[in-house]
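The following pair of complexes shares a single chain, chain A, combined with chain B in the former and chain C in the latter.
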Partner chain A sequence: MDIPDVEPVAVEGRIRIPYRWPAGKAGGRFLAALRDESRLLGQRCPKCARVAVPPRPRCLSCGAVADEWVPVGPEGELVSWTVARGGPAPVAWGLVRLDGADTGVLHRLLDVAPEALKSGMRMRAVLDGRRTGQITDIAGFAPAGGATCNR
Partner chain B sequence: MQPVVILGAAQTRHAARRPEASYAELAFEVVADVLARTGVGHDRIDTVITASSDFWDGRTISDMSVQDAVGAAGKSASKVSMDGAFALVYGAARIASGAYRTCLVVAHGKASEGMPRAIASAAFDPIYERPLGPDDRVALGLQARRFLDLRGLGEEVLAEAAAQAWTAAASNPNAERREARTAVQVSSDALVADPLRGSQLAPDSDGACAILLADEQTAAQVAAASGREGGSTTVRLEGFGLSTDMHGLGDRDLGTAGVLPRAARSAYEQAGIHEPGRELDVAETYDASSAQTLLWREGLGLPPTGGPAWNPSGGAMGAQPGFATGLVRVAEVFERLARGEGRTGVAHGMTGFVGQAHCVWVLRRR
Partner chain C sequence: MGERVAIVGAGQTLHRSRRLDVSAPELIDEAVQAALTDAGMGPDGIDAIVVGNMEHFEGIHLSDLWAVEGTGGVGKPQLKIATGGTTGSSLSQAAYYLVASGAFRTVLAVGWERLSDSEGETTTGIVTAFDPIYERPTLAGAVSGLAIMACQYQSKYGTRPEDAAEVVIQARENALRNPHAHLRKPVTTAEVLASPMLSTPMRYLDMCPTSDGAAAVLFTSRPGDRSAAWVRGVSGAHNHVYLGDVAEGAASFLNTLTIAAERAYKQAGVTSPREQFDVVEMYEPCTWAALEWAESLGLCAKGQAARLWGEGTTRLDGDLPVNPSGGVLCTNPIGATGLVRVAEGSLQVRGRAGERQVDGARLALTTGFGGSFWSEVMILGRDA
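Then we have the complex of A and B:
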C-alpha cells in the first residue's frame, strides 16, 4: 500500500508543575539575614579560610564543614558581565565578588548603561524595599559610586 | 580489560526543524543507518545505552520512549542523562568488562519541540539563580567576556574562530549551518549576549547519532562476514577522561578551560599520547560559543595554530542537536580515521553550563 506524505501533525502541550525547594539550613540563614537584617553573609571554611556566597554547608575547596558566618559586601568587584539582548529589553548580568568573599554571585546589574560596564568595576548590592526572604531581596548590583542604596 | 572497537557510526542530517519526524524517529533513523552500514542485525546487539534529556523531550523517563526505536526490548538497556559522549563511557565500559560483546550507543536531541532558552534556564540553581531569570546565553556571555578580559584579547578573535567554524560547516553535509562566512560578516551580526553575536553561538538543532561498539573478536567476525578487510580499518577507543567542575558560575574562573585539562590528561595518558599537538591528526570539540572553540582547544593541550585538523566538521557551531552533540564529535573523528585521514584523533563532549563537565575520547586506527 502506498502511503502519501502528509502535512506534519503535532500535538501542542505545556508542563506546569509547582515545586517547593527548601533553601536548606545554610541557605535559610543567609536569606533570613538578608530579609530581616539587610545583611549579606558568607560561610567561611575554618580549614582553608575560603568564604562562599551563597553559603554552602561544606567548603567548595577542601570539603571541610564550613559553619563560621562572616559578613560580606555590600560592595564588591565585577568579575564578568554580559548583556542579554534576546528579550523585549536588554538585561545586564554580572558575576560580582563581594568584599570578603572568594566566590562570585550571579545577578542583574542596575543603573548602568551597557557601554559603561567594565570588568573590575566596583559594584554595590541594591536591596529591594519589600523583603520576601528570596534572592530577589537583592534587586541587583549597581555601580558603587551611584546614589542608590535601597529601592 | 577488553579493547573496545567502533564498528560504525551514523548521524542525521541535522536541521533547525524536523517537524515531520518524532524524536524517536530521529533515533530510529540513525540506528537503522548504523546497522545497515555495519551489516550487523538487531539480534547481535547485546546491550543499548541511550542519552536523552527529560526536559528536552518534555516527558520523564525519556529513554523509555526511544526503546522501541533503538531495539532495546528484551535487552539490557540503560540511560545517561548527559551528553552522548558521556553515554559512550557507559557503553565502552560494558564492552571493556567482557560482559557484553556489542553495544549500541544512541543519543538524540530535538530542540525545535520545546523552548531551548526556558529549558536551559531550568538548569540554574532554584534558590539563588532561577528567580532572576538567567538562561544559557547569559552564562555563555559571562564566560566569553571573562575569557577575553583574562587574556587581554579583543572581540575579533571570536569572529575569526566563528568564521573558521562556519566555513568548515559549509562543506559538512550533516551540518545545520551550511553557509561560509567571513570574520567581517560574523562581526556585523547582532549582539545576543555581549561580547557574543548570534553567529558566535551554536544553533539549536534537531538530530541524533548512533555508535556501535564491539569487542575485538566480534569486530573481526563482523569484518569477515562483510567481506571487508577488517584489520586495516579498525578504529578503537583507546583512552577517555571525565572531569566535573563546581556548578556555580561564580565558583569557577570562567575565563579558563576549567577542569578540561584534567579529563584530557587522563585520556592522553591511557592512549600513550605525550605531545597532543604533534601526535593527534584530528580534534572535534563541543563548542557552544566561539569563546569555547578557543578555550577547549587550549584545554585539550593543543597549540593556538597548527596541530591536528581542528573541528573539520565545523564542530558544534555547525549543529547542536542537544545530547547528541558530543557523540557526533566522536562520530566525526571515527569517520575521518576510518577513511584513512589520520591515525589518531580526539573528541570532546560537554554537559552543564559553560563546561561544568567534560568528556574526552582518544580514537586510534590500527
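Then we have the complex of A and C:
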C-alpha cells in the first residue's frame, strides 16, 4: 500500500481573531489584589478547607462555594519542572505550590541554572514592575532567598 | 446495562505526515469504506454517526458539516464529539452508549485529523485548549506539560532515560508490521539518547509525531454471524481545570486513568489486569507516559514499568504485548488517535490484526488520553 500521486493543489489561508476573556467574579478579585496590592490570594473552602490558586467558582474537591480569601505565598515549593529547549535560549517552567495553598501554579522559573533545579526546592514569586491585572503580573518564580522580589 | 454492543468493523487510512493526495472528506471516506469492507456491510446498515476531530488544527468550525460527505452521513442523525486528545476514545464511548441505549442498532464512529493543514503550528492548536486567563500566558506547550509530568515520575523512581527509550524502540519495531503506521523505521537506544532535548527529560524521539489520518469503527447490537469484538467495559474520567490542580497531592498525574480503569475493570470482571488482558492498546503521547500510565492501569506496581518493558513483557511475543500497532509514538492523527486504539483492540480480539496479531488474543484493554490529563478506557473481548 502506498500513497498515489495526485495533482498537488492546496488553498492557503490565515485566521486572525482578537478576543477578550473576562476573569469573572473570583478571578477579578484575585487579579486586582495582585495588580493593586502585590498580594497573592487563595480561595479557602469553608467546608473542606482546601485552598485553591488560581480561584474558581466552586471548590473542586467538594463543590462548596469558596468565598473566603486567604493570603498565600509569596514563597512555595517546586513540585515539578522542565527546561524547554525549543527557542533561542532554554526556558524553565515549573509547578509551584505556594505556601498556604493546596494546588500548584504553572509558571516560568527565573534566575536559576537548569542544573540547579530540583523538585522540592523553595521558590519565591517575582512580581513584574509593570502591572496589567493579568497572571503575568507574576513574572515567574525564582529560588527563595534570592534578593529579587520586584523586577 | 442496555443492549450488548459489539464492534464488527474497523478501518483506518494510511497515516502519514502529509496526506496531500486527499481532501478531508476523502481521507474520512478512506477509513469509512475500509470499516464497511471489514464488516461486510453497506452504508445503508448505518443508523447514526458520531464524528470528531480537534477542529483548531484545520481552522474550521462545524467540522461535522465538512466531514459529512466522507462519512456518508447525509440524511442520517450525526453528532460531533470534540474532547481534545480523547476525541477518538470519546467517539467510541458515544457510539457505544447510542447502541447500548437501544436508540440505534448500528452506529459508525469516525475520528480524523489533518495535522499538516496547520503546518508547524500544532502547538498553537494545543495552546488554545487551555484557560486563557491563568494558563495560556504562562503555558509551555504540549511537550513541556508532559515533560513536567515525566520529571516528577523520574525524580520519584529514578527511572533512566534509556528505560524510556526502550518504549519507543519496541513501538517502532511493532510499527514495521503495521502498514497503516506513520513512522516505520527502527530506532536504537543511542539514537534516542542522541536526539535533541525538547524539554527535560523529554527528547525528540520520546515524543509522538503529528500525522494526517482517519479511523472508523462500526458498533452494533446485532452482529449476526459477523466476527465481533464485544464491548466488555467502558468508562471515562474528566479532570480539574488547571495543571496545578492535576498535580495536587496526586500519586500520579493521571489518576483519572486509574479511576476510569477501575470502573471498566469491574464491568468486565477484571481483577488482575496483568494476567487477564492479552493485549493493550494504550494512548501514550510519549515514552515516559507509557511507563507511568502502565502503572496507573495496574499492569505493574508503582515504579516497576521500566522492568515491564526492559524484560520484554510488553513485546509482541511477550506476556502482555503493549501497542502491537506501534502506538501513538508511531502514529498520531489526534482526533483519530484514541479511536485507532479501539480499532486495533477490536482487530486483535477478532483475530484480524495481520502481521501484528497477538496469538490467541481474547481480551484487549484500550485507553484514551487528552485535555487536562483526563482518561477514557474501553475493554474489548472475543466473548460477550
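Criterion: the second predicted complex is superposed on the first by the 144 of 151 C-alpha atoms of A that agree within 3 Å, B and C clash if a C-alpha of one lies under 4 Å from a C-alpha of the other, contacts with A are read in each partner's own complex, and residues count from 1 in each chain.
One rule holds in what follows: a residue touches a chain if its C-beta (ideal position, glycine included) is under 8 Å from a C-beta of that chain, and two chains touch if they have at least 3 such contacts.
Worth saying up front: this structure is predicted, and the values here are computed from it rather than measured.
Enquirer: Put the two structures on top of each other at chain A: do chain B and chain C fit, or clash?
Expert: clash
Enquirer: Which partner does A:G42 reach: the first (chain B), the second (chain C), both, or neither?
Expert: Neither partner.
Enquirer: After lining up the shared chain so the two structures overlap, which partner does A:G73 touch, if you call chain B first and chain C second: first, second, both or neither?
Expert: In the superposed model, A:G73 contacts neither chain B nor chain C.
Enquirer: Is A:P143 contacted by the first partner chain B, the second partner chain C, both or neither?
Expert: neither
Enquirer: Once chain A of both complexes is superposed, is A:T103 in touch with chain B (first), chain C (second), both, or neither?
Expert: The answer is both, since A:T103 touches chain B and chain C.
Enquirer: Touch check for A:P4: first (chain B), second (chain C), both, or neither?
Expert: It touches chain C, and chain B stays clear.
Enquirer: Following superposition on chain A, which residues of chain A contact chain B and also contact chain C?
Expert: Looking at chain A, the two contact sets intersect at 5, 8, 10, 13, 15, 19, 21, 23, 27, 31, 52, 54, 60, 79-86, 91, 93-95, 97, 103-108, 114, 119, 134-136.
Enquirer: Provide the residue numbers of chain C that touch chain A in the complex, in ascending order.
Expert: 14, 16, 19-22, 59, 132-135, 137-141, 143-144, 147-152, 155, 179, 196-202, 240-245, 247-249
Enquirer: How about chain A: which of its residues touch chain C in the complex?
Expert: Those in contact with chain C are residues 1-6, 8, 10, 13, 15, 19, 21, 23, 27, 31, 52-54, 56, 60, 79-86, 91, 93-95, 97, 102-108, 114, 119, 134-136.
Enquirer: Looking at the complex, which residues from chain A come into contact with chain B?
Expert: Touching chain B: residues 5, 8, 10, 13, 15, 19, 21, 23-24, 27, 31, 52, 54, 60, 79-86, 91, 93-97, 103-108, 114, 119, 134-136 of chain A.
Enquirer: In their shared complex, at which residues does chain B touch chain A?
Expert: So the residues of chain B touching chain A come out as 19-20, 58, 117, 126-129, 131-135, 137-138, 141-146, 149, 190-196, 246, 248-251, 254-255.
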